[in-house]
Amino acid sequence: MTIDRGKTAGNAGGNGGGQVAAKRPDKVTLKVYRFDPDLDKEARIEVYDIPWTDGMTVLDTLFWVLERVDGTLAFRFSCREGICGACALFINGSYRLACETQVARLLDEGRTEIHVMPLPHLPVIKDLVVDMARFWANYESIAPWIVARSKAPEKERLQSPKDRKRIDEYVGCILCGSCFSACPASWTDKDYLGPNAMMKTWRWVDDTRDAAKDERLGLVAGENGAWRCHTVFNCVEACPKKVNQAAAIQGLKRKTVSAMLRGAKGLKQGRKGLEE
Amino acid sequence: MIFHEVLVVGGGLAGLRAAIEAHDLGSEVAVLSRVHPVRSHSVAAQGGINAALANHPASQDDTPEKHAFDTIKGSDYLADQDAVELLTSEAPTRIFEMEHWGCPFSRLDDGRIAQRPFGGAGYPRTCYAADKTGHALLHTMYEQTLRRGIKVYEEWQVVSLSVADGRCHGVVALDLRTGRLEAIGARAVIFGTGGGGRIYGHSTNNITNTGSGIAIAYMAGVPLKDMEFIQFHPTSLFGNNVLMTEGARGEGGYLRNRLGERFMEKYAPKAMELAPRDITARAIQTEINEGRGFPGGYVHLDLTHLGAAKILERLPAIRDIAINFTGADPITDPIPIQPGQHYFMGGIDTNADGASLVAGFYAAGECACVSVHGANRLGGNSLLETIVFGRLAGRHAGGYVKGQGGEAAGKGAEKALAKTMTETEKRVTWVLEAAGPEDPADLRDELRESMFANVGIFREEKALAVGLDKVRELRARYPKIGIRNRGRKYNLDWARNLELEGQILVAETIAAGALARKESRGSHFRRDYMDRDDASFLRHTVAHLTKDGPRLEYRPVTITKWPPQARTY
Amino acid sequence: MNGAKGVWGWLLQRVTAVGLILALGLHLWILHFAGEHAALTMAGVTIRLKSLAYMVLDFSLLGFALYHGLYGLRSVLFDYVSGLRAERAITAAVVVVGLVAFGYGVYALVPFITG
Amino acid sequence: MYRPVASRAVRYADLDLFPTKIRTGFYAWLLHRVTGLAIIFYLLLHIVVISTVLGGGGNFDAVMAWLKRPFFAVGEMLLVTAVIYHGLNGLRVILFDLGIGIKRQKALFWGAFVLAAAGFGFALRVFWPLIFPG
């Protein structure tokens, strides 16, 4: 097990190193989408030869380019351990977190090259950096915070481990935007809330501590919300954290129907209903 | 020109908590962060957050006082005891507040917040959300920020702080998306800019933890405190140093060397794997140095005896990370780990109100040094610090702008800000046009390698001197750098190398402080002075920037109830 | 957004879908699969439509299919437009087409019944 | 200080963008949408065709006879297949609405697909004489 911690991408990004599986090539080819809408008429692809080091991730290769070849490359990053959601990209035909994607794994998938694209269907700011404004606005629009209503107890509100487990998957979302980028309904309908915002609504509807369930349903079960989801499941496939947004959205539809049959007043309150 | 009453720099836990508090007290607040708030480093915290809730069956008689004692003993008596008492007595309230705000903590069977044992703690008092505690807390905090409609400048990087006549007037920041430099006026500025782990090689920190906030304050004349105390975490993944939380040992994980021995019995026979981080990290490094590690330099973190169910429930992210980066599945295989740089105990010199020596300038979280961690931080205390002192900084900054700061408003503020702007513009433009022969990436690599090697886990005079010389050499080479990207828009090359200067200056305070501290205390371990020396060094180091490097001063430690004792585990 | 607007419309599409499985299933079976292709002649159709069961089947098939299909068409169009105005226009157009088609369809079936 | 730049611009089309995962749900939906639209347009046409009866019974029979040719038989066969797929996949979607089988959506799609393929086989047999008359 040899670790080359010299002038490698690892030093810039991930620290380099890791374990070696089989014999690897000493170079890999990286093809990166490049585009600056202010300067370029059209996007182009640039090719870089990256010296191979053990444990190298796709994020490391981007850093290698930035630090050693071409300082004009733009991309997002932060935690380099798959938890901050900054580095979601379209890599070799799949949505992946660049920091979690081992180059070795791509090679094991039978690819000889690494192809890196920004999240598809989002406006490009520069190269791999996309404008997530719509994603954030949608997230904000569903009032993603607890509305407890009852007076807070002196200590914690109780929640059984079983009830906590129900929301575990949804809480695990890292707001990376992959699902939003992958959903065909959000490609074409600019008003569509998208899988993330609706899944996050479900996260609260299914949280035993939240008291504004009907109001939340009323907020998302509309023509630009739940009814626009056609169970395409692209969101589920894209999610690096294995969240099942489709299940959450279907839950919203079901709960809305039963709330409607109950004649729940909260449904009609709109965003105001979420103020305590 | 942009103006805000209170400007918070940093979208991590400390920054957001400060913003919420100032907002709730009626101030007009904006948050500015160079990454979207949920991308802040706080999101990566894994193991948990301490509070003496006495929820765990084994911690029935835990109290904030006992929490304070553990913290002070852990700090090797360098922490200010009044601040620690404040920290631990506030802890339960703040945790319950986070819970009331919706934080999805893991639960005990009876529905209360679950707690796990952590290193150096007498009771299991670390509250957690599986092994994604920071993620749960930061997302909750961000939700509360959204609820209040607090304005966030996303992807803006502060490059300098405007200080004149002992008063802070705002900042100058770079809008990364346009490359425009803006002066932002504020009656009070709060820094929650996080640590500077990336000054070191082998760091567990996220890539944006460059210590730029600490450096900016230092360059504006704010002193730094206790910079030589750098925490090395015992268990980071071999190779890329992603953290393997202390929670893994809290849940019962073993450390084993190449011979399969649980070597901690030699170093901390009582606490074993749950000894404090400084002791455990040194134990591991000793094993490796003495040839009982695996080739390449690592030992094993063994969780295989915990069983699949416990690992999947309590440590799911750890498992994912281990499998992803090393191919080892903790359920069946031991995880290769080595110590890695983890935390800055030191930082911007503040008091327990978050106030610095400069009026209107506050700091909280990892970038600040109150000091509650002293020479060694206990795991789970820094998340706590962010929400306790973040809140207090917000509270006092809010009070300041309503009182004194409001009265002084305007007096020379615009002039001071304009001056800072002009100076900053010159510096920033210089970097953008820098075309010298030195590759800044080399400088950064050399700095990180040297700091880890020479100002690392084990220290001694000669190596420290080499380390300090190296920093000075880099400082001299910095003006000769050349960068590769002359565009303004989203120019990472520019933004990163703009900070490099500050990183070098901060590194200098670390090396100089370590060289001057001729004792071993907590994380600062000197082979040539193996003992703690309370007579000469039960003191905080305070570093002031001068033209020839840092000028060091010492300040007494506040002792309330717990006189220094020998520290054994 | 708008207080669970569209819940009935959506639900009805599911209900008609289930109804269509039965109605359309029978319809296709009788016309194409049961024995020789039932001759589509004035006389043949008339004989079938004389029975009440067939009448109910064909009229509900017409109604269900029109509702379900046009609601579906509306969904598809909604996916490609943004803004309330465009959505309202689509809904109006689809309702008009639906009513006209249903009216015309019923009108066209009358000769078979009166035959 | 610039190092040799190992980058060269290439065409956009050089990029391998084919999804590595077969996006089952996506294709299921596309097919569902295409078939649904085909059926609704057919229905509207169908109403027009049937309405030729308004011109008298003889007129209707004439139109029907004219329509009895292979081209339309193929169309009808495809339509029947489309209805079968649309119906089965519609059932799959309705199950999801009821909260059933969401985690097994791929298996359900393949189930619907195989059944629809069988339906196509059956339709092919039934329509064979109309497509190849005599």
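Labels for the chains are A, B, C and D, by order of writing; each one numbers its residues from 1.
Note that contacts are C-beta pairs under 8 Å (C-beta built on N, C-alpha and C of every residue); 3 or more make two chains touch, one makes a residue touch a chain.
Only a predicted model underlies this, so the values are computations on that prediction, with no experimental measurement involved.
Here the chain-to-chain distance from chain A to chain D, counted in touching steps, is 1. With centres computed from CA atoms alone, A is the chain lying nearest the middle of all the protein shown.
Between A-C and A-B, more contacting C-beta pairs join the chains of A-B. In terms of their C-alpha centroids, the spacing between chain A and chain C amounts to 40 Å. Averaged C-alpha coordinates put the centre of chain B at 58 Å from the centre of chain D.
Annotation: 26 Å between the Cα-based centres of chain A and chain B.
Rounded to whole angstrom units, the spacing between the C-alpha centres of chain C and chain D is 18. Residues of chain A in contact with two or more other chains: 68, 70, 184, 230, 253. The multi-chain contact residues of chain C, meaning those touching 2 or more other chains, do not exist; every residue touches at most one other chain.
Looking at chain B, residues 484 sit in touch with two or more other chains.
Residues 3, 5-12, 14-21, 23-26, 29, 32-33, 93, 96-99, 102-103, 105 of chain D are the ones touching chain A in the complex. By the touch rule above, chain A contacts chain B in their complex via residues 1-3, 5, 7, 10-19, 21, 36, 38-39, 54-55, 66-68, 70-86, 100, 102, 125-127, 129, 132, 136, 140, 143-146, 148, 152, 154-161, 164, 167-168, 171-172, 174-175, 204, 207, 209-210. Per the touch definition, chain A reaches chain D in the complex via residues 31, 33-34, 42-49, 65, 68-70, 90, 92-94, 109, 111, 113, 115, 117, 184, 230-234, 236-237, 244, 246-247, 250-251, 253-254.
Interface residues of chain A, counted against chain C in their complex, comprise 141, 184-185, 188-193, 217-225, 227-228, 230, 253, 256-257, 259-260, 267-270.
Of all residues in chain C, those touching chain A in their complex are 1-11, 75, 78-83, 87.
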